[in-house]
Amino acid sequence: MIEARSVSKSYGPALVVDGVSVTIPKGGVTAVIGPNGAGKSTLLSMVSRLVGMDAGTVTVDGLDVSRTPGDVLARRLSILRQEQAVTVRLTVADLVAFGRYPHSKGRPTIEDEARVEAALAWLGLDELSGRFLDELSGGQRQRAFVAMVLCQDTDYVLLDEPLNNLDLKHAVGMMRLLRRAADELDKTVVVVLHDINFASCYADTILAMKNGRLAHQGPPAEIMRPEVLRDLYEIEVDVEEIGGKRIGLYFDARG
Amino acid sequence: MPTILVPALAVLGLFLVSLFVGVSDVSPATILADPQALELLLVSRLPRTIALVLAGAGMATAGLIMQMLARNRFVEPSTAGTVESASLGLLAATLLAPGMAPLGKMGVATLFALLGTGLFFAILSRVPLRSTLIVPLVGIMLGGVVSAVTTFFAYRFDLLQSLGAWATGDFSGVLRGRYELLYLSAALTLAAFLAADRFTVAGLGEAFATNLGLNYRRIMGFGLSIVAMVTAVVVVTVGAIPFLGLVVPNLVSMVVGDNVRRVAPLVALGGAGFVLACDIVGRVVRAPYEVPIGTVVGVVGSALFLAILLRRRHELG
Amino acid sequence: MSSAEARRAPFAPPRAARTVPAGLALSLLGVALLAAIAAFMTVGARGSWSFVLQLRGLKVLQMLLVAYAIGVSTVLFQTITNNRILTPSIMGFDALYVLIQTALVFGLGSAALSAIDARATFALELAAMTGFSLLLFRWLFAGGLRSLHLTLVVGIVFGTFFRSLSGFMQRLIDPNEFVVLQDRFFASFNTVNRDLLLAAAGLTLLVSVFGWRMRRRFDVLALGREAAVGLGLDHRRDVTAILVLVAVLVSVSTALVGPVTFFGLLVANLAYQIVPTHRHAAVLPAAAMLAGLCLVGGQLVLERVFAFDTALAVIVEFVGGVVFILLLLKGRGAR
């Protein structure tokens, strides 16, 4: 269980996260949605101690993230941020192997190597394992980073907008993968998403943020309602049920 | 590991050639027959050759570390103001405490190198990094500014000649008793090998390092200290060797990538071999006179740097 | 002037409104320059006036010539490259000139070279310089270096390459000869070679007449290649003409005082600040006069007040480097 208690963060005069208290249950996929500037990424960064908070506390299974040693936390929780440009020339296998660093401290055991193999296989990267990251397509590179995070073998896996720069096919592939990680590997996946329909179709719980505060929290059926989405995004969104999934339609040309 | 065997043998070959090239006749045959030749070998040739290996390996490794820390391919001690700051420190030590021992001067030079490189990273953190190449540009210019300050004081206090010696690497003055400080650089290079994984992780970014439970700032501080110390030692003992730390890691990276653990020994070997080869050229081309290695490396290094830039111009531009 | 400014007015930055008109700025600069020259000629003079005036007169002439060459060549180079951060010397053009000089000595030997008149060697160097810089420029800018930063780094590394190669060749020349030749390679603002000075002055005058007749086309070229072609200019021919002009001016200044990396960058950017117009008829004289004022005034202060002599170049490098970093950080150089 991840618990944030009245966490706040401001950059200069801008209050980006404003006293958010939230509990993310263990297990399943939790999607964080909301308009630009709502504070989604900052909240995720504070939970994963990439960014210090100005006020409040975050605990992961009772461990206070700002007090727990970095390597202890690295065995509980992993975070994948939107990677900008990778300047380091590493092979896929090398990158994935770094996921074992918190466990092996650079001296990999046979068990570590087996886990690397398993992660590569799980993501269908066996064939690419000797290739350099800069030789891969965007979707393949993203999968390699996810493989590394899974190889880190933490209960909690946090991902910040992993669908950015992915085309439809790869975006769907990524979401299925995260779903499988939760279902088959018992991971707790927390993912920041832009597309409400991906959240609706793949998440168990949705956190909706607006203006630095938590606006709504609940299962997709509760969040995917016209009045909630209108309040969140300030546009009209029709919601239709298609194949048992609630889909938001926001393409109204007349606005 | 066969990949490391070939370069290792090549460096060994260059090492032997370096021992037996020079004005006076020293060859495997004469050492056995002539005690003077043996003496020359032990007092001058061997120290010079060892110094070449240590300085080359150290500077190349320092370049590799900087490229990881700055997350930029085109950074090395002479494109980040490190070398120029070390020279300024050396000048300050020479002016303020002329009698100071070499180790003390090296300490002052290290301190300045650390401050200068820190300034470089501080400027970088304030630049919106729109392009890869703005990083070495800022570094080169910072180096220019620092060296203008150094030149000004060197000129005022009649030390331009010493400044010239620090700025241009030259191994002709290396004798027994005058190069041993370079073993410190060897120790630092080894320390860098031991921390190889940390540097790779740092090269993947602060978020990446933190996620794996590493203290990014500590890696930064450790890496920069190694770079500053190696640079200071090399500048104090033999003078700057430009572009070495840029060219060698770039060439190695094209073939084997950047996993520091795997690459560092190759980079160190490459640096040693590169410096040995350039030094042999400098000794042979105008015998009995010597062309200082700084000049030879300046030509070869800048030509290779240009080749790398132009080869990658499509991704850079 | 008024029509050009009127057209520009809606887009002018608010800062321009506060600057003085171009005519006034130019006149003020002229007066300041004259005052600096007068002071340089007279302050602290002892002994025979005719001797002092002649010696200092030559020095002032040399400084003015160098200032003119650097100021004008930098502004024109920035016009054809459409930015305010590239300069001929940052792109390694003066290092190229030193390399050509060295290669000539290396190829012919100093004995043969001393037998030839200094002006004849200068002419030879000039021809080689013009040819090579045209080649280099065409190659750099036609070869797809579209990014400013890449062009800059390539230029800087080319400069280092040229300098190292000159250094290498100088080492290959007999060390004894090298000492004799060193004076020839690097003069300072203080030594004057009279014959060379007059030849350089004549040459500069010649290319300036030629350039002055193109001044209105400069304004169009500054709009960029597409715009210039669209407005009916023969872009390739005009750029080549300007490059020849720049090559000659860089050779003049480097032959007289050696390489000065950042001076052009400083005066060109100051000139853009002071003269609130993009017309070259105003910017070029402003840059030249500013450069003259900096050199004569700077030398006056350093020589007479602080009693340093060759430190001016060092101070220029320091200030120039800082300005360059600031320009980079602000992104002002962007096209």
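The letters A, B and C name the chains in turn, as written, and every chain counts its residues from 1.
Assume a residue touches a chain if its C-beta (ideal position, glycine included) is under 8 Å from a C-beta of that chain, and two chains touch if they have at least 3 such contacts.
The model shown is predicted, which means the values in this text are computed figures rather than measured ones.
Centre of all protein Cα atoms: which chain's centre is nearest to it?
Ranked by how close its C-alpha centre lies to the overall one, first comes B.
Where are there more C-beta contacts: B-C or A-B?
B-C
Please tell me the distance, in whole Å, between the geometric centres of chain A and chain C computed from their C-alpha atoms.
That gives a centre separation of 56 Å.
As a quick test, compute the distance in whole Å between the mean CA positions of chain B and chain C.
Centre separation, chain B to chain C: 34 Å.
With chain centres taken as the means of their Cα atoms, state the distance from chain A to chain B in Å.
Roughly 42 Å, centre to centre.
Could you pull out the residues of chain B that touch at least 2 other chains?
Touching at least two other chains: 132.
In the complex, go through chain B and note every residue touching chain A.
Residues of chain B touching chain A: 68, 71-73, 132, 196-198, 200-201, 203-208, 210-215, 253, 257-259, 261-262.
Report the residues of chain A in contact with chain B in the complex, numbered from low to high.
Its residues touching chain B are 45, 48-50, 69-75, 78-81, 83, 86-91, 94, 98-99, 101-102, 106, 132, 149, 152.
Which residues, counting only chain C, touch chain B once they are in their complex?
Going through chain C, the ones touching chain B are 143-147, 149-150, 152-154, 156-158, 160-161, 163-165, 167-168, 171-172, 175, 261, 308, 310-311, 314-315, 317-318, 321-322, 324-325, 328-329, 331.
For the complex, give me every residue of chain B touching chain C.
74, 123, 126-128, 130-134, 136-138, 140-142, 144-145, 148-149, 151-152, 155-156, 242-243, 285-286, 289, 291-292, 295-296, 298-299, 301-303, 305-306, 309-310, 313-314, 316-317
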